[in-house]
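One structure coming up, written as structure tokens, with questions to follow.
All chains are identified by letter, namely A, B, C, D, E, F and G, in their written order; residue positions are counted from 1 within each chain.
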């Protein structure tokens, strides 16, 4: 199963990074989200996947029944997800405000904080559609 | 939005959602759930209400400003840790009641902490969504 | 015996959900798709949840399963209604087979208020640009 | 002794205040400090001559082997006397020269600070302490050269001097540290006792080069000499003090001080003598062809410094004696001439020798001092300069190797020095009276004291040569060589080759002076320095550095976020990938999946949805596909025993969708902005990162037997933490500290969103675009009036 | 003879995930945004079913709680989407 | 009185949710319910539960039957090779006016055969319904009115 | 002792929470800000004294034994950094009173400020890798908001890049922590140290992971070629915020690097630490050249941050006691000097109306006091003896020469020359040069006390740290010794464990 999950994880990282390297603000933030899925799933996967055995102690028992999923990575991911959510919410709004302020969502046009105007990238084109 | 059935459904859903949110919160120590999910469900209730009946009504219903709720939640969580500090000299050491309660099991500072989490999550979600919804007049 | 009941309920549920999905895929317009899915999905989920209740046979589980069903019954139509409205404002095309559209032209496109009689001759044109598919 | 060093710094602190309080008398008052120091050092001469040394050690930065160790020996005393003595005169002189200048207070402070630093250099017995003061002299010099800071020239010259001496200084620092390493001590007096330690070290070559770099830049040796004429932008008393009498001699001091440790080797003799010789000839040659008095003096200083280095390179006992004699003589006559030049400038308004002439009558005292100084510089008897010239020639003439060429170089340099001396003394004061911008008067007493005293000393010393030899030169030579020496100085050594050479020198020098106008065009043709000289090199280097800096920054910090991201991704992939391939064992990693049908479908769904996200044209459709990915991931969590995780992920997913919808429905739709090639390139880069992560997962999941702390949680969750849901117990108890941080993050994010939405710059709020305003918001339908929010009071602070 | 748990795992779950895949095809094809949202909504509902089934398959009632949470919260997502589709027109 | 009932119901719902029937849990649930009711008091339109129990039960059975029938019909259509549908959006004049009634009606319509509640006009006089199969518009209208609206009016009266 | 470890975290926490609750009352917030600002460094100093006297302090949050619970632990290095955090917090808190506008104050400036301090302090004190991630995030989100607070276009543009690139780093950090747990089965740093050194973990994979951490922290620290976010954003928020960021944020990245590359990843020093030296060299050079190319003071100083990070990394790469002493001392020095420079430039802007050297001038004559306040930290930064930067440089140079890493020494000396060059550039342009627009008078400085006192304090510290370098150097040396010999740390953390 880890093999398939490994492929999923690779895909999430790749698509996330690809989206981040676009020129659109929205794609950027979507890319960040994909990246977050990727890292969460990676932690989940590498620390041992156990089919259908949540780390919950049955009522009346003192210990969970073996085999059970490692609870610690789950707790870590949970924390990471929630943190990621907070950060993402802020990021989204920040990007929206940036768009409103600059009146463009083309990241290539958002360079005014650096003295770079003269450098042209080979793959830059005017806005398409 | 002028939708009768959304508005009506929301009014009936709200108590149900809140009830479930408390359920999730209180039971979280033993079953899936906890302050975070509980808080999210509770905020869902208010967000739905805001969509159905307007943000202003939702704010009135909530009574306390979501931002203050954040502060209160953090304070509750902090206090739960400080209780441990005062009682045993180590921050966040759990202090438990001696007897069991239904659903919750034993009452203790970890639950208080989770309540803090719950309040923070409600406050945070609503702060964000209300602020966005009220937009930029 | 209970196993058979559970299994049967699950199977019925799963099949209805499959039908809902097929309907979603096959139906020619938004409204027909929703028409197919709201029912089938609700019933399908409902059966599975009842199967869960039967399987576990605990008060807590049963009551939660039932609560979920009630919730679904309460919310699925609301969601469909909301999406239908949205579709109307977006100018979603009705299937060619549609006999009549008595709603056409009755939404005020500015206030989004729905009237009981026609307020404009034109059928509903989208007020803004539609999302390209 | 530390008091003597610190006196300058402490006085510097109070100097501006004294200046404000004492007005015109401040210079005289402040000069009491260096004058007192002169007496203090003078009072030690007797006992120094008796072979005593004085040292004091105060713990300072012991962790780095740096103590405030000071040691007064003959060499130090000679320098210290020059420093404090000339310092006193220059301060008095400066009071007159800069009378009325609002910055005069600062001038006193800087000069005093410099003096303290310079005393520190010559008294320090610890290499690092020496370096500390060394750098302080550089920075004082920077502040003083830039004294007329409104002038772009002054600023550029100050910078040039700082960069050249600073760079040399840093090289020297490395050299000194290496020297400390090689000898095992930073204490100079200890180091001197074991010269073989450094010279036998494998680092000797590096040490030598680095230390010499420091000394040569500071002492304006070719090819680093060019900063010194530039430094003439400083007020003239500064030039006299720093750039002639003292600071530039710090390099000489260092060479002398370290000559027992580093000297005596072939490498030392060849490099030091050669550099000194070239500098000596070149400086003098350039000097006579200048028209600015100060530049003439500056180049002649370069030449004199070359002379000193040249002598120290020869390194015989006699050469050292000659060097120290020349040093003393030079300080006296060059100080005189600079102060005279300042007086001329001050009184006439120009320093251009071609515009000065016949001033003797107007400025007789100044003229006298000038004549005495220049005569000393030219090496005429009966002046101290004559004595120094004699020993200089003799040192070259008696050099163990290559005496012929060395003597020739010495004579050549000296010839032009004579010309230069004539130029600064004869030309302004004699001949036809020329009109000057200002009507000349005799300089005020404060400005006469310095030149007259210095010139007078030049005469006086010539008549007490044995006293000077005994109390000034001998102890210094002994301190330098670290062994006893016999020193004699005579005003009249008798008729010999050296005297003949001296006569020849004076005659030739005066001849060049007389013929200087016809010679000038011929000389210009020989002059390569102006075209390919080191100053040009400095400019090219500086310009190249600026160009590189600009270019590099433009390329690196180009402003394009996607390029930044690409760089970071590539760096990560390259470093991690390389390490993985070279360091990790990746056997047995590739294996077949063991999966169930529904798992495969879910996985496929996620993969397809993720790819769809990248390809879809509609933003909201992308959000929906993203949500599908999220739901799919949640399903995976369900399937692998993580209900809490799934629950959280589902809830978050939904909330995220709501947020996305709330936020992005106003943003413009996607457009394809990059071309196909760029997309392909990015896809490849992204895929490489994906492959890396996939490989990592495969490698890491090949062995999952490494749980370590988990058992504790499962064993104690119920018993000690009283909860059955272990994940939740971890979150609120075992690792509640994490959760505390987590809710803080959430809180701050909420505060941030709130602030972003509500707190707008004034201008932007006023100019809110119509379409922005017209957009319907949630509250619109609820007839919302803005809720009670804090007054964003713009009381403007 | 297959146990109930196996039945859930190897019959019911595959049906449900296939249904989800079909719904996803609709999500891809649209054509309108509401169509896609309907598809997502159906996928959510399927998710509830999957979790119920999984609860049976693994004999862990905990998964039901997840299903409830999903039901409660995903409704909000659909409503919000619908609301904003309408608003942005 | 009505509030007390609601409160009790909520307490019972709590017990159902938690699955633990003990007096303490009931009291706890009651307390929770009380606070919720207090919290949500401004939302509630008047209803009368007690007398309607029978009608409600009858109604539920009717509805479940409709739901099953509807689904089978949809199943048949969806799976038939040719989609034999004749959709329409129909305006149906309304007699009920209350929010609750309209909501209930709308939900019922959506959940039953081939029909989908779309919206109600602002003045609440007309409801718009989408249907999958229609031959006769009037017959359709009256089926809705008789089958659903009547029953809804009954239980909500 | 427990309390001493927690106070530096709890004080800013309670300050922030109280300020959040009094969201509507600026006056109370300002008072809370000062109270918290004073209490924080005091708590830090108390902790430092305790560590100095009694050795490494550790406590287990929730009383769960290490390595299962989360450890809060302070060795000398941590404690020094905590004191610096408190100090910078106080300085900026006071400066903010006079420089942050009322609107920002109304929108949570003070709670954000103290949350940032809390995050930084937490990062310095935690003994757990995942908890470190959490504190990093606390610090980051607070910095995100502070950077964007006010909503000016430049701020938003800067924040966009700042946020995106830092989130990349966070994702990588998180991934690496997950892998670390997979490899070692524990998150406790001391336990990790034990398990990585006793062969329980595949050392090849550990090296791979080490490199991943290097990149993740490298982004936060602003290393070459990962620093882009810094020059893109640091000059955009109000100067008090920039000063705080410059003083603390990248330093947390460096702290993390030092921590893990002395405590945990020391199994392949030849590879990892050599790599670090290479990166350090490039970081120094590209940073300083970037600075040289700027004409805007804040940008120039921002590029310098990068350059100085190179020095900090150099010490770690050399990995000797002297080198780490240099790094720690350099850290303290650069926090003080750099913040002072930013704060001074803020005053310059208030007086002369610009941050741009082209528009500045004439301040040497008109505001000599200000000139002095600039000159001292500027020369300290350039490494002029006997100011603080010199000793830092000297320690590193000595360490480099002793380990025969001549190239990096040469680079570091060259870079120090360029640093001097760029400092004199500001000096010459803003202070010496005449004012280009003589008609525009200098503005009187309002809120003089709040603005000037912090700067004087920093300049004085820089001088004291230079002339009286020995105590701090001795402290840094002891801290370095602790770093190089992790046994004490491990013992202190795992003491209670089985």
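Quick note on the criterion: a residue touches a chain if its C-beta (ideal position, glycine included) is under 8 Å from a C-beta of that chain, and two chains touch if they have at least 3 such contacts.
These figures come from a predicted structure and were not determined experimentally.
Peer 1: Considering B-C alongside B-G, which chain pair is linked by more C-beta pairs in contact?
Peer 2: Answer by contact count: B-G.
Peer 1: Can you name the chain that lies farthest from chain E, using the mean of each chain's Cα atoms as its centre?
Peer 2: Of all chains, D has its centre farthest from that of chain E.
Peer 1: For chain A and chain B, let me know how many angstrom lie between their CA-based centres, rounded off.
Peer 2: Whole-Å distance between the two chain centres: 26.
Peer 1: Can you work out the whole-Å distance between the CA centroids of chain B and chain F?
Peer 2: So the centre of chain B lies 29 Å away from the centre of chain F.
Peer 1: Could you grab the centroid distance between chain C and chain E? Build each centroid from C-alpha atoms only and quote it in angstrom.
Peer 2: Their C-alpha centroids are separated by 13 Å.
Peer 1: Averaged over CA atoms, how far is the centre of chain D from the centre of chain F? Could you give it in whole Å?
Peer 2: That gives a centre separation of 84 Å.
Peer 1: Can you list the chain B residues in contact with two or more other chains?
Peer 2: 1-3, 5-6, 9, 20, 30-33, 36-37, 40-41, 44, 47, 51, 67, 70, 74, 78, 92, 94, 124, 128, 132, 136, in rising order.
Peer 1: Multi-chain contacts in chain C: which residues touch at least two other chains?
Peer 2: 22, 34, 42, 58, 60-61, 64, 67, 71, 74-78, 80-82, 84-85, 112-114, 131, 133, in rising order.
Peer 1: Hey, what residues on chain D touch two or more of the other chains?
Peer 2: 553-554, 557, 559, 561, 565, 618, 620-621, 639, 643-644, 647-648, 651-652, 654-655, 658-659, 662-663, 666, 693, 696, 700, 704, 707, 709-710, 713, 724-725, 731, 733, 735-739, 741-742, 744-754, 756-758, 760, 764, 772, 775, 778
Peer 1: Name, in rising order, each residue of chain B that touches chain F in their complex.
Peer 2: 2-5, 7-9, 11, 14-15, 18-20, 22-23, 27, 61, 101-103
Peer 1: Can you list the residues on chain G that touch chain D in the complex?
Peer 2: Within the complex, chain G touches chain D at residues 13, 20, 23-24, 61-62, 64, 67-70, 72, 98, 101-104, 106-108, 111-112, 115, 118-119, 122, 126, 130-131, 134-135, 137-138, 141-142, 144-145, 148-153, 160-161, 164-165, 168, 172, 175, 179, 182-188, 191, 195, 202, 204-205, 207-208, 211-212, 214-215, 219, 225-226, 228-229, 231-232, 268, 271, 275, 286, 289-290, 292-294, 303, 325, 364-365, 368, 379, 384-386, 390-391, 394-395, 397-398, 401-402, 409-410, 413-414, 416-418, 420-421, 424, 428, 431-434, 446-447, 469-470, 473-474, 477.
Peer 1: Of all residues in chain B, which touch chain C in the complex?
Peer 2: 1-3, 5-6, 9, 12-13, 16, 20
Peer 1: Can you tell me which positions in chain E touch chain D when the two form their complex?
Peer 2: For this pair, the touching residues of chain E are 9-10, 13-14, 16-18, 20-21, 24, 27-28, 30, 33, 36-37, 39-40, 43-44, 47, 50-51, 54, 60, 62-63, 65-66, 69-70, 73-74, 76-77, 80-81, 83-85, 87-88.
Peer 1: Under the touch definition given earlier, write down the residues of chain D that touch chain E in their complex.
Peer 2: So the residues of chain D in touch with chain E come to 596-598, 601-602, 604-605, 608-609, 612, 618, 620-621, 624-625, 627-628, 631, 634-635, 638-639, 643, 646-647, 650-651, 653-655, 657-658, 661-662, 665-666, 775-776, 778.
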